[in-house]
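Per-chain numbering from 1; labels A, B and C assigned in written order.
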Amino acid sequence: MPLLELKKLVKDFGGLKAVNEVSFQVEKGEILGLIGPNGSGKTTIFNCINNFYPITKGDVIFKGKSIKGLKPHKVCHLGIGRTFQVVKPLARMTVLENVTASAFCRFNTIREAQKEAVRILEFCNLDNSKEKLAKSLPIGSRKRLEIARALATRPDLILLDETAAGLNPSELDEAIDLIRRIRESGITILIVEHIMKLIMSISDRIHAINFGQTIAEGSPKEVANNPAVIEAYLGEEYARS
Amino acid sequence: MKSKNITLIVLGIFFLLFPFIIRSEYYQHLVIIALMWVVIGSSWNLLAGYTGQVSFGHAIFFGVGAYTAGIFVTKLEISAWWGMLFGGFAAMLIALFVGWVCFRLRGPYFALATLAGSEIIRLVATNWESLTDGMVGILIIQSFRSKLPYYYIVLGLAAACIYAIHLVIKSKWGYYFVSIREDQDAAESLGINTTLYKNISLLISAFFAGSAGAFYMNYMAFIDPHVVFSLHYISIMAILVGIVGGVATIMGPAVGAFVMVGVQETFRSAFFGIAPRWISEAHALVFGLLVIFVIMFMANGIVGDWGKIRRVLLRSRPSA
Amino acid sequence: MTVFLQTLVAGILIGGIYSLIGIGMTLIMGVMGIINLAHGQLMMVAMYITLILFNVLNFDPYISLFIAMPCLFLLGVLIQKFLLNPLMKIESILPENQVLMTVGIGMVLTEIVRFIFSSDYKSVKTSYSSSAFFIGDISFSLPMCIAFGVALVFTALLFWFLLKTDIGRSIRATAQDKDAATLMGVNTGRITVITFGLGSALVAAAGSLLLPIFYLFPDVGGPFTLKAFVITILGGLGSTVGALVGGVVLGIAESLGATYIGMGYKEMVGFVIFVLVLVFLPGGLKRLTKI
């Protein structure tokens, strides 16, 4: 049984089909990369999975049960964590408070939640910034804070939305390392990424979409050589990859 | 940490002994009113400052509490002091409805609905004469002639309110409230049921505001719809108390309450009789100007902007 | 039946003025994303300007309208430029500090006027104040009909302005997406200033039109502010068409309420609509019309 399964997911924005009958499965323990040009519907898929947007048609199955129509906080409690492409730090809280707030998802006392938060911050190399206000962090740390917060909810599946965008090369390596360590800790990952180097090197499988529709799925190598994918990216990413 | 505890103990002793230090009934009255505002301001602050849901109509909860206490006497013939508890519950009941209507929606709806709500309930209180005696208002007989019992009751209420809010803020709920204020989407994605926790914050806030209203009924022994459901003198005053003292700080509203009651009384009494009479008519104008000034220059209040205030004060001294 | 028709006519006529008030509010809401809680108070100021012109220079309110409008435009511009825009730079925990500012402005305007004119009720008696004509059994109050007509003309002019002029287009662009508008070279700071001025001028027109049929005192603004935001919510935040319809709906509903439920509850009709909209039609009429 796959951990997460999208069944012919459709999302309609007033006549515009942002996502059109996309189906894929995420197996337990794997890293599935979701790629596609700008505006192809990747973030919309994320927003449909944790139900920020109501699904127009189709279904989302998590651990064998439909999670369609569940409020985002319920989805989180079931075990899906997510990050945002445009980071949403809880700006006037400290980094530790940010992560503690999300650790309350699994712990009820402040002592336990804080202990968990400290552990997660060490895992994400943020323990030096614990007492800083979230708004004062540089972009690279903010991206890691997003991940830390999602991890603190103890997810089985984490949705990473462009967590490497805007990072410099050394930060990028750090991000790749972090994602690998997350997988090693037993968490399944669904990742949206624009940077081909990153996604091609860490994904087990890749699912490519364009204009809200599936155009290819397979191993990184297969997808990279797929004519439809090359066409979708031609002139933009082709030269670089 | 230790000096903070000492300050608290000194403050506590001062407030416990205050009526024996200052014997003037006039000043005792002012402090009683200020302590009542500590309760209202703190309750507003929990909801607006910590949870980010700005209420423009805290008079709703205050007034409902006051009327519950009054109606207890006029209709049920039981002591208005029961209102301190049941007035709070009645305010929570109204809050439940307000929350149900507003918290499903994003946008300025909560602010507007509370503003509209206070007008609605004022009209109801004015027109439902069989229950509220309409514009005539409710007059009861005071339980005590001395100010002392009132002083200690409201002191206890204020202390209980501040301590309760302090506990809430240091708990999981507090973290959740602030998360909601900072970013609702993020909060939802972290597993926080934003609608539920906004309602919890509103309910706690409404309880204390209602209880303060019931105290007002007991103490002043007279209420009418225009006094207890007043936009300017209750709802806006609650906001001012919160902002002047410092939103999202525990002691902010307490400081704000004393400052605002002081300002209000200074102008109402035309600088205690020194200034010409017309000044006392300008106290609503002063209120309005204060709103503008505070938002422009002291957005985080006396407690929140303490560092900034100190710097300004120090700089103005030539020697420093 | 006559009573019903008469009530309906009165409602529609006053509704025209409500629309004018509501459109000014919704314009500001659309561009700045805030509810202007000094809206009715701005109207009150315009009414006093009209009153002075009538008492001192014997100007007809319909002529004073063309003086009151530019005055209020200027007042609106000053408020936006010096009181509201600077707030965007101030970091504050409360998201609603601009709305709060408008509350303060409203209080200050009311109290200054009270200082100058005292709390007494005032009214303007013109030769046509109580004249009316009849169609069948139904009476049409002349000043109300004029007010309704002028309100319609101003609404039409506003639509033309928003659709056909450069500034109008910039206003609509800013309302749709402020950041995008800035990137496209729109000076959004200036647009907010113009919009607030425009909204104030519109409500000033409503004030001058109301003066021959209404009485005037410093606190007259508050209830109209509340009406204006009820209209804005009913019409849908930022929707001018919605505000137009919303104003007439509110006018009719109030008029029916006063006739069939009782004068005491007339003011409540608007709030009942407000709550019903929040519960059953969140998003307002805009959800139905899509404009």
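A few comments on the model shown:
The criterion applied here is as follows: a contact is a pair of C-beta atoms (placed from the backbone, for glycine too) under 8 Å apart; a residue touches a chain by one contact, two chains touch by 3 or more.
Bear in mind that the values here come from a model prediction, so they are computed numbers and not experimental data.
Taken as a graph of touching chains, this assembly forms an open line, each chain in contact only with its neighbours along the path.
Averaging Cα coordinates per chain and for the whole protein, the chain whose average falls nearest the overall one is B.
Between the CA-based centres of chain B and chain C the separation comes to 32 Å, rounded to the whole angstrom.
Distance between chain A and chain B, defined via averaged C-alpha coordinates, is recorded as 43 Å. Taking each chain's centre as the average of its CA atoms, chain A and chain C sit 47 Å apart. Across the assembly, chain A contributes 92 as residues in contact with two or more other chains. Within chain C, residues 93 each touch two or more of the remaining chains.
Of all residues in chain A, those touching chain B in their complex are 50, 52, 71-73, 76-77, 81-82, 84, 88-93, 97, 100-102, 104-105, 108-110, 113, 149-150, 152-153.
On the chain B side of its complex with chain C, the touching residues are 48-49, 52, 54, 56, 101-102, 104-105, 107-109, 111-113, 115-116, 119-120, 123-124, 126-127, 181, 231-232, 236, 239, 243, 247-248, 281-282, 284-285, 287-292, 295-296, 299-300, 304. Contact residues of chain B toward chain A in the complex are 170-172, 175-176, 178-179, 182-183, 185-194. Of all the residues in chain C, the ones that touch chain B in their complex are 34-35, 37, 83, 86-87, 90-97, 99-101, 103-108, 110-112, 114-115, 222, 226, 229-230, 233, 237, 264-265, 267-268, 271, 274-275, 278-279, 282.
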